[in-house]
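Labels for the chains are A, B, C, D, E and F, by order of writing; each one numbers its residues from 1.
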Amino acid sequence: MSFLPLKERSFTIKIMSEKIYKLLQQGKRIDERSPYEFRKITMQTNVVEKANGSALVSVGSTRILTGIKVELGTPYSDRPNEGVFSVNAELLPLASKSFEPGPPDERGIELARVVDRCIREGKAIDLEKLCIIPGKMVYVLYIDIYVLDYDGNYFDPSVMSAMAALATCTIPKYSATGERVEGENIKVPIRDVPLSATLGIIRDRLLVDPCLVEEESLDTSIVVCLDSASNVVAIQKNSPGHIPFSLMESIINVAEEQISKIRAQFKEVVGIG
Amino acid sequence: MSFLPLKERSFTIKIMSEKIYKLLQQGKRIDERSPYEFRKITMQTNVVEKANGSALVSVGSTRILTGIKVELGTPYSDRPNEGVFSVNAELLPLASKSFEPGPPDERGIELARVVDRCIREGKAIDLEKLCIIPGKMVYVLYIDIYVLDYDGNYFDPSVMSAMAALATCTIPKYSATGERVEGENIKVPIRDVPLSATLGIIRDRLLVDPCLVEEESLDTSIVVCLDSASNVVAIQKNSPGHIPFSLMESIINVAEEQISKIRAQFKEVVGIG
Amino acid sequence: MSFLPLKERSFTIKIMSEKIYKLLQQGKRIDERSPYEFRKITMQTNVVEKANGSALVSVGSTRILTGIKVELGTPYSDRPNEGVFSVNAELLPLASKSFEPGPPDERGIELARVVDRCIREGKAIDLEKLCIIPGKMVYVLYIDIYVLDYDGNYFDPSVMSAMAALATCTIPKYSATGERVEGENIKVPIRDVPLSATLGIIRDRLLVDPCLVEEESLDTSIVVCLDSASNVVAIQKNSPGHIPFSLMESIINVAEEQISKIRAQFKEVVGIG
Amino acid sequence: MTQVIKPKLIDENGIRLDGRGPTDLRPLRIEVSVLEKSDGSAYVELGKTKVYAAVYGPKEAHPKHLAIPDRAILNCRYHMTSFSTDERKILGMTRREIELSKVIREALESVVFLEEFPRSAIDVFVEVVQADGGTRTAGLTAASLALADAGIPMRELIAAVAVGKVDGTIILDPSDIEDKYGEADMPIGVAPESNTIVLLQLNGKMTKDEFRRGLELARVGIQKIYQAQREALRRKYGASTTEV
Amino acid sequence: MTQVIKPKLIDENGIRLDGRGPTDLRPLRIEVSVLEKSDGSAYVELGKTKVYAAVYGPKEAHPKHLAIPDRAILNCRYHMTSFSTDERKILGMTRREIELSKVIREALESVVFLEEFPRSAIDVFVEVVQADGGTRTAGLTAASLALADAGIPMRELIAAVAVGKVDGTIILDPSDIEDKYGEADMPIGVAPESNTIVLLQLNGKMTKDEFRRGLELARVGIQKIYQAQREALRRKYGASTTEV
Amino acid sequence: MTQVIKPKLIDENGIRLDGRGPTDLRPLRIEVSVLEKSDGSAYVELGKTKVYAAVYGPKEAHPKHLAIPDRAILNCRYHMTSFSTDERKILGMTRREIELSKVIREALESVVFLEEFPRSAIDVFVEVVQADGGTRTAGLTAASLALADAGIPMRELIAAVAVGKVDGTIILDPSDIEDKYGEADMPIGVAPESNTIVLLQLNGKMTKDEFRRGLELARVGIQKIYQAQREALRRKYGASTTEV
């Protein structure tokens, strides 16, 4: 059952919200950023040798570790020629006092499903190349996302780290008869690199990449994921509140602008994008 | 662990119990019924097109939806020539403030198991006709019962709706070699229609089909299920309290009388009974 | 998540601890035992006819029932020539007000895993003799331990009862082609009988087999498991607190002495040891 | 995989597989105060059916929002060991165990003076060590003794037994194999002093007349069980305590 | 096991498989106060999509530590019957149901005056009886009516609908098969009076221009849904209550 | 499927697979205050074993009935990422993780002044990012630093290391492959100032003499770990804080 998480009392949130709004009107943020400016992004790949692929991505203090384990399995019966992937996300209690130990709650599940949609609908992976024997044997990619430190906005670094782990993922090669080709590996065939930008909304103002204090004070927020051709491949309004129809045009444009910057950095670090 | 559910304080229950008992002595009920009178029963079949069979049954305001999905599976190893069915019941939180979200509690499990026993021991289904390849392939019927609105007595409408859904259930035909016979369907082979009546007991008095207010005020209650030849096929004393041995004869007779009335209505609506 | 169980308030524990320590200095215990003396041990085997093997062991009022069910299954892929066993332990709520119904908590899991290690690392079972068809069919032994009554120290009687149940376990014989040899049974091939002794520590003093009152008042405690050649095969410090390095030598020696006594009794009752 | 053939359960002389006549109980052994650490306990053995029961309480209800202002709550868990049955039972509670916990709890509630302990909880644990038919009735029989042993005030004891129908005959106290291949199984829990039924289930097919005869046969069995319960209490507590 | 071939979803005349044009809604039926025991309820049928919603509350929050000092908490469960879908849905909550419970809850929170009921809880249950596309939007439409029916004060109603892209065309209210084989599905929940979006998801691929056109088409659908909601309330409560 | 052949773990010159001698530790890296949002944190890398620890608290115990009147409760969770091991670990807590959470918690309780925070809770989270042997000891080493970093008063730090027996030789700090194919693994947690053992497990077979030598070797390793812990704290806090 979905329920309202306990937050600060409304009036402290209202005061902070008012403050953030006034700063936005002056083109400012509480942490010295401009409204359309991400915090510092760092990306490291191959950080866990036992994973087939892995990446550690930070956006400010928010830190996400994604690892990929590849196994052999059977394809879905309605997609006999395609490999399979699944995305899981855990908001580790290490990362925030608001995260509890235990199976993923609705926030972890939402995160995993949104990242899954970015990858799936953004056609990031050429799944047909992950088929070994049609209908019988395919590669199965387990893409597992862990939030290690949480200072707001876990969506964007999660998409980045999942894509960076995929783009650097190395898997054992199997022949068309299902035999292991000893000593040979293949890369996960990447077709596109969908990336996301999260926008916060206060009244008629937008900001990108909210930090935790901002996140708690926003009217609402929205995650926009675009592919490399700037098609919209996933959207998630991910908190309560209203978005005026009139803001949608700006939201898409700001997202596009931000994602192109992130994409440049991604390309530089990971090699593709 | 089974535990006592929180009810009204004993004294309010005692007052209502006293009132109901006095009315019963005058042949009356709190809702204008006579002691041996069910509330209005309505039955609708084929209400969910995506189910192989379905039925919506109301007894007063208590409303039960049963749907059946049929899959192919393997028989139990000690019954290689028989199809398989399983019954599940959920007391949806939609239906009552006393129902909680989550996996079925002991009440839901009891309901499912009593309906299962009615069908199984009442030999309602000719399970051998649901075998496709002995020992290998049989039809598996998932009979899922949902309580949508709960104003007392979910047992009797659940048995009715399960039987109505079974009697109108349509399943794809398979040949003896396990091939789908395109375009052809078969009906679930019904051998008998067991039906139940729930009786409430206050001291030396009986009533049938307790509504919620009555249910909370009864000394105890009992579900009696009979087949079409009036054999007893299932009994469940389903609440705390004493039944004097001396009442058992009346209980069976009243149940028989009530079930024969329900059976007539069932036959009219569903076609068999 | 592991958490500190609620105990008596520290000061009552401190008083009892002081009392136990003073008695130990005089070579005494609160229940008239000497420091290195187990409570009365009783062992009964074949107490549950439907189990392949079973044993009921008491140490004082602490009572443990172990039963073994044998099934056929597949070996682990990295041990194709070996049978499989698994150990489970349940601290039944019957046994103590501090045990809750539900799946095993960390104490039950620790107990099961320590017994597993005693059996596995003590090479108690000749697992290769439990292989029927290499890589395909082996015996699978489910060793299930139930704590029926708990007055301290469930580790030692659990190891005893598991070993006694194993040593008297009878399993249906299968031929090398995987056919049941009707009417013939085999015994579980026992290679060694690891046994354990639990020691309590208060400051610089040791005691063995703590009863419940002692257990709650100890500084800490340790389970030592030895095989028949007095090799150390498992150790578990199983409660908070410090063990001075200087006590380790005595701990091993006291454990060895105690285990040799238990072994003599085990041999007498069970026949091997 | 071949279909199992039903064995003949009663021979031409009316003798059952284990040598009993139709109205015979299996050998019965009852003991109270068998477990040290609980507030009350009992052990019931009926043939190969072996059941422990233990009681904790009355004690503070926990968590508190479950407490009831004007009486105690009664918690009950019927549980079987994994090796109690022919096929290994899975760990954790099955749907069957959950249902039986409910009907046993409801039977016990009928006789315990719960109003004497407002805001309290009484826990009853039934552990089936071996299951050879009649475990819920043996468990209820043991649980009512464990409550008495714990000094919990009760209107009266409960005695429970099952009757069945096999090969067309109404029998007392069906064993596992008689239950499995028989036509009906009807467990009954009775408050013998008030001559009332506190647990009643039926699983199988009986004519109305067979059902009546089953009820009568159960009363005969109940008297024997009740007698043994009283003797077990007398052995433990002396003559006076049999008037619970 | 053969790969499934995508059917043609829109013919050369722009007609969809079920005979609709691209901007047509399926037949819509809305009723309020359909369940007796809840504080408020509604039923929405959109083609073969059939959804109930029920509301309980405001009531005491429970357990108490979840209560919020200055407003009510809103609980929401979106759940599907096992037989609502082509393939049988497993019992229990899937990850999809958990996510949709969250987005529906967040949409409802946007319009309910939660501050009026400090320390309370309001429970909203959405039950999908049959799923043929658009269940979350039908569920949200029903839930907002159930809240109104329960007398919970709200800024305004919510009307919700999905738009999609199939065979390159932007369509209103995709059915299950259009969702499955189409290129994109975009559910939208709207507060029509303030012209704001309270639920928005997109699953699929659209150009920015298609996305803009999708938003516009949704607004058309929303008006029709909103109209039907108001009529349903009027049938139940008379003219005045449409101003919630 | 062929039986795995045990590799030779120590060559004729006493050199281990990764080039170490029997008494060598793997390269060790320790950092404190590595995670922003926790009250205290640390990172320990020992060869390819990589572990984070974070501490939250002291804070209000929750739910309240778990609070202890005269001291804080210490909660501990040892958890591994799914990709930390050669075979993918299932999501959720395994039995092994639950046991290790217990022994790590008990070791920490031995040194934390819990009595200073009655009715409070302190949460310790150990997250194994990569597991190549010695994760529980690395986790305990990190956890004690995270507690210090959070300013929780402790009698002293804990340093922990494993010793093992492979190919008949007692070795320090076994790697995963040495643990898997070796004869014994013995993790030890030590409070170095008081020279006492706070965690001790043994899994495998050792003679009494080997056990004694193992204990001695562990003390050597512990001194190196402890030195590195103090240096990490000094780097963060300067010289004075090493006297915790």
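Simple rule for what comes next: a residue touches a chain if its C-beta (ideal position, glycine included) is under 8 Å from a C-beta of that chain, and two chains touch if they have at least 3 such contacts.
All of these numbers come straight from a predicted model, not from anything done at the bench.
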{"item": "Farthest-lying chain, centroid of Cα atoms versus that of subunit A", "value": "D"}
{"item": "Magnitude of the superposing rotation for subunit A and subunit B (Cα, nearest 5°)", "value": "120"}
{"item": "Of B-D and D-E, pair with higher C-beta contact tally", "value": "B-D"}
{"item": "Rounded Å distance, subunit B centre to subunit F centre (Cα mean)", "value": "57"}
{"item": "Averaged-CA centre spacing for the pair subunit F and subunit A, given as whole angstrom", "value": "32"}
{"item": "Distance from subunit C to subunit A - Cα centre to Cα centre, in angstrom", "value": "48"}
{"item": "Intercentroid distance (Cα basis), subunit F paired with subunit C, Å", "value": "26"}
{"item": "Subunit C: positions in contact with at least two other chains", "value": "1, 101"}
{"item": "Contacts with two or more other chains, residues of subunit D listed in rising order", "value": "63, 77, 123"}
{"item": "Contact set on subunit F toward subunit D in their complex", "value": "63, 65"}
{"item": "Residues on subunit C engaged by subunit D in the complex (per definition of touch)", "value": "47-52, 54, 61, 63, 65, 67-69, 71, 88, 90, 92-97, 101, 103, 142, 144, 146, 148-151, 212"}
{"item": "Contact set on subunit A toward subunit E in their complex", "value": "1-4, 6-7, 9-11, 77-81, 106-107, 109-110, 112-113, 117, 121-123, 135, 220, 222, 227, 230-245, 248-249, 252, 256"}
{"item": "Sites on subunit F touched by subunit A in the complex", "value": "35-38, 41, 48, 50, 52-54, 56, 59, 77, 79, 81-86, 88, 91-92, 123, 125, 127, 129-132"}
{"item": "Of subunit F, residues touching subunit C in the complex", "value": "1-4, 66, 68-71, 73-78, 95-96, 98-99, 101-107, 109-110, 114-115, 123, 184, 186, 191, 194-208, 211-212, 215, 219"}
